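For clarity, chains are labelled A, B, C, D and E in written order, and residue numbers in each chain start from 1.
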Amino acid sequence: MSPAPASSFAPPKPTPVWLGWLTFAFFIFTQIYAVVTSPADAMMGHLQKMMYVHVPAAWVTFAAFGVVLVASLFFLWKDDERADLLAASAAEVGSMFCGLTLVLGMLWGRPTWGVWWSWDARLTSTLVLFLIFVGYLALRSFVEDPHRRGQWSAAVGILGAINVPIVWMSVKWWRTLHQIQSNPRGLSPEYLRGLLLNVAAFTLLTVWFIWKRYEAARLERAAEHASQAAALGGYNG
Amino acid sequence: MAFRDDVRRIRAIVWKDLTTERRSKAGFNSVASLGVTILVLFGFALGPDAQALRDAAAGALWLAVLFAGVLAFNRSYQVELDGGALEALLLYPGARWAIFAGKLIANLIFVTAMLVIVVAVGIVLFQVRVPEQWPTLLGIMMLGVVGIVALGTFYAAMSSRSRAREVLLPLLLYPMLIPVLLASMEATKAFLNGDLLNASGAWVQMLSLFDVIFLVATFLAFEYVIEV
Amino acid sequence: MNLQVRAGEMVGLLGHNGCGKSTFMRIVATLLKASAGDCFVYGSNVKTEGDAVRHHVGFFSHVPGLYDDLSARENLAFAATMLGFPEADIDAALERVGLTHVTNERVRGFSAGMQRRLSLARLILQRPRLLLLDEPYNNLDVAGIALMNGFIRELNAAGGAAVVVLHDLVPAQGVIDRTVTIKEGRVVVPTADDLRHDGASPQAITLPAGAAGIS
Amino acid sequence: MAFRDDVRRIRAIVWKDLTTERRSKAGFNSVASLGVTILVLFGFALGPDAQALRDAAAGALWLAVLFAGVLAFNRSYQVELDGGALEALLLYPGARWAIFAGKLIANLIFVTAMLVIVVAVGIVLFQVRVPEQWPTLLGIMMLGVVGIVALGTFYAAMSSRSRAREVLLPLLLYPMLIPVLLASMEATKAFLNGDLLNASGAWVQMLSLFDVIFLVATFLAFEYVIEV
Amino acid sequence: MNLQVRAGEMVGLLGHNGCGKSTFMRIVATLLKASAGDCFVYGSNVKTEGDAVRHHVGFFSHVPGLYDDLSARENLAFAATMLGFPEADIDAALERVGLTHVTNERVRGFSAGMQRRLSLARLILQRPRLLLLDEPYNNLDVAGIALMNGFIRELNAAGGAAVVVLHDLVPAQGVIDRTVTIKEGRVVVPTADDLRHDGASPQAITLPAGAAGIS
């Protein structure tokens, strides 16, 4: 039996679960707080409250894909497997939140715009971003060799992250149905407070999810390493 | 007796095909995502005009199912070709039509599942009004799927063993499928426009006719294309 | 090209690269149709009675013929169902070829030799009456060769026949009864006893039923 | 010196790719026919209305080129995978980007030839009025082709070596290409409507920008994806 | 896993099925990255100086690495250009491996052994300083084996080194200087003379430049 190849792949110590519960509790609190404190909007009425989930979800999506970009670059530079696993975890969580943004946006759009979907630049570019990272995840599942998987998905992740600024700027570049970025000062404080609190809660949630996924991925990799070593070790494994 | 054996063999092939499909992580997921991606491409190509989109919705849906389905057909034989498994499959005793039946059923399950997803997404993206009798619509769509899958599975058996199968399969399949596609598209379109089975009736008949012809013909001919 | 193999006989087939040995085997296994000539396996014509022939023939070709995404066990289970044999023997077959430690692992990660062993396990399940082995010792280590030879001998004892394509006679010592060489599309006979030469029509020969006849 | 060697290697790869493509009976012919077939399918999907057809012509042309081109990209690495030729190719000394450059050039030639055929057929099928400055239009289309081929050749290097390459390549490629496609379609459409470079100007700029980004990024990243 | 090969030395690599021989060869040929350990070929690290290593290494793997739609001659011409060698030697190489009768035929129709011979011709063009042969005698007939051995001896005389994966020592008799066995991921040394064992870090070893060192 050859010794475990990379000592960096001792599986990480698990983070305590109560941290997760705390994060989740904070999220529930900010949601209730925002919904209770904000008055009904002049135009949208109580529908405005969708903002407290839709907008933070969109922002953490960008943040997660930003992590993919940085981690992928770092992986290509330093060839550190952990960076690859971090990128993968961030991509998974980012795709989830991207999907959430889409769904919540559609649920919001139906009553306010009268349609589930329209082919405007913000909506379509968000959908495209989602599809790009679905491709990223598919690529990962189709490639067996870990090193190869890391390099390929890093390339795809970096190219995919190019689309984040496109989504961001889409409302400026093209005339859209969708709201353009508003100035924080333009938003009245009773909305802003709730929004910022929720953004904080979503960010914590994202960090928690990414971290948990990352831990799991490291455990998987450690197992992969072990089975590889066993395979090379032969019959008696 | 022999028939019981064949049924057992068919079941084994369906199980094997669906299992390898499931195991090859995200096999189904990625084909379905591709179907959705193709729908999005159509949306871009047709431009943002809502009415134009709604008019073209039926056509786009069927083409997305077709283009993504073709990949599934090819994959279902690719599994056999890697490492010469087809050779082993052909060496088992028993009727060869059982092989075709197994692959056909597996592909039917696969494409139907994909159709459901693509149609659901398409309804949202193309702002289609869902008709009241949507179960009937699904039934009509199944007729279209049977035609596509029967011919697709059959041609894939031929093309998979040639080089350039990715090119050959659609090249053979698309022209042959045009009647089925046209009937499916028109029936779907009529139905979506609230036609309530009047104009679509003729198309449904035509569709059923083609299904029967294709099924009979492919079952009879499979023996010849798979052999040797 | 004339060749007749008796029940219980193991024939080694030699010939230089590209002389048509693999092609010949594929014809007998009903995977290719010969453009001329006839071939009978236990009285069935390979050209017209393919199904009957396939009941008797086990073919071990250059390629393993396995599903990469099924486990070793699932591959054998599928083969057993297709062959109409009970699944009960699978574990015994796997144990015999020394793959118990990877029973539930996917074939994708197997080395060349491990895949060949799994193919051998399938033959062990099948116990064909006519065994066609195309360079069976490729990729096999010493233990694998011993396994293969043990299996051939066992079939031999049960009255089965075999044709083995070889380039190197050493690993097959003790299991091959005689060898024939293919040269320019004809069988060149090292020991002329067992062969009926049919000068007039060298491509066609009919053999008595009950023997594995290949012409 | 070393650069001269690289140029010689690139030439050898282009020659080899185009030769095998030509030899593999009907390689180019069938891909081009497939492009035309897809155009025909679009024609059916869009229905017989002449104005609707004309409006959708630019989109249909580009999608047909894309869908058929994807097959060419995968094929260009498939040649390398049969019998492990890629292994041998990677063992030759010299810079790896030369391999990418060779494949890119071969694919450019291939797709351009196909584009010409598809566009010619499309003009007839979709009853498009050919604008006077059609050479400029061709130039704009070449910009689109460069973007598609650069990204396609790059992703094919990965997908062709994974399982399920037929599915993976379009799944990765289509969404990434949407900006390029959109710009190409809009520029083409504006041009076909006699816009004379006013509305299409912005799109052409965007197209050129994406081409540059894609070319630089893929050349830099190829080393990583082909290695190992 | 430690193994050091001297210039002019031919080492046979043995080991049971699936023990990692092919994987090892692919690592040395820069086709795979080892997860741990270092490997040097004529002083260049295979992990970081791949290009330098590829100048020295010739790899004869399980697969032929040919283009099916090019002729034998075109395949070699392509290889020569890619290697930066003159095309002049091609016909000589083809003659040497006995493929002159199919010079202008496409490789697609070649038998397994003919393809292996053509791969050998490519190695003959290249004359690498370190030869990696993975079960080179598979599919080769007696004449083919003699060709292969002749080529190995020639390189040997010119000071080249070779590592040959084998299951059967017979065809390699007279060309292999010594053999080592891979067992459970380690080299087991039949003749301990040539090997430096480095107990502390069994995965890493640095070798003097000028020798083909593989650790």
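Methods note: contacts are C-beta pairs under 8 Å (C-beta built on N, C-alpha and C of every residue); 3 or more make two chains touch, one makes a residue touch a chain.
Source: prediction; values computed, not measured.
The busiest chain interface, judged by C-beta pairs in contact, is B-D.
Distance from the centre of chain C peaks at A, each centre being the average of the chain's Cα atoms. Here the CA centre of chain A is 32 Å from the CA centre of chain D.
Here the CA centre of chain B is 38 Å from the CA centre of chain C. Separation between the centroids of chain C and chain D, computed from CA atoms only, is 47 Å. Multi-chain contact residues of chain A (touching two or more other chains): 128, 131, 134-135, 138, 142, 147, 231, 235-236.
In chain E, the residues touching two or more other chains are 16, 18-19, 33, 62. Shared interface positions of chain D, i.e. residues touching 2 or more other chains, are given as 24, 163-164, 167-168, 171, 174-175, 178, 227-228.
Residues 24, 27, 30-31, 33-34, 37-38, 40-42, 44-47, 52, 55-56, 58-60, 62-63, 66-67, 71, 74-75, 78, 163-164, 166-168, 170-171, 174-175, 178, 181-182, 185 of chain B are the ones touching chain D in the complex. Those residues of chain D lying in contact with chain E across their complex are 5, 8-9, 12, 16, 19-20, 23-24, 79, 82-85, 87-95, 227-228. Residues 24-26, 29-30, 33, 36-37, 40, 43-44, 47-48, 50, 53, 124-125, 127 of chain B are the ones that touch chain A when the two sit in their complex. By the touch criterion stated above, chain E contacts chain D in their complex at residues 29-33, 50-51, 54-55, 57, 59, 61-70, 74, 78-79, 81-84, 106, 115, 122.
The part of chain A that touches chain D in the complex is made up of residues 76, 128, 131-132, 134-136, 138-139, 142-143, 145, 147-148, 151-152, 154-156, 158-160, 162-163, 166.
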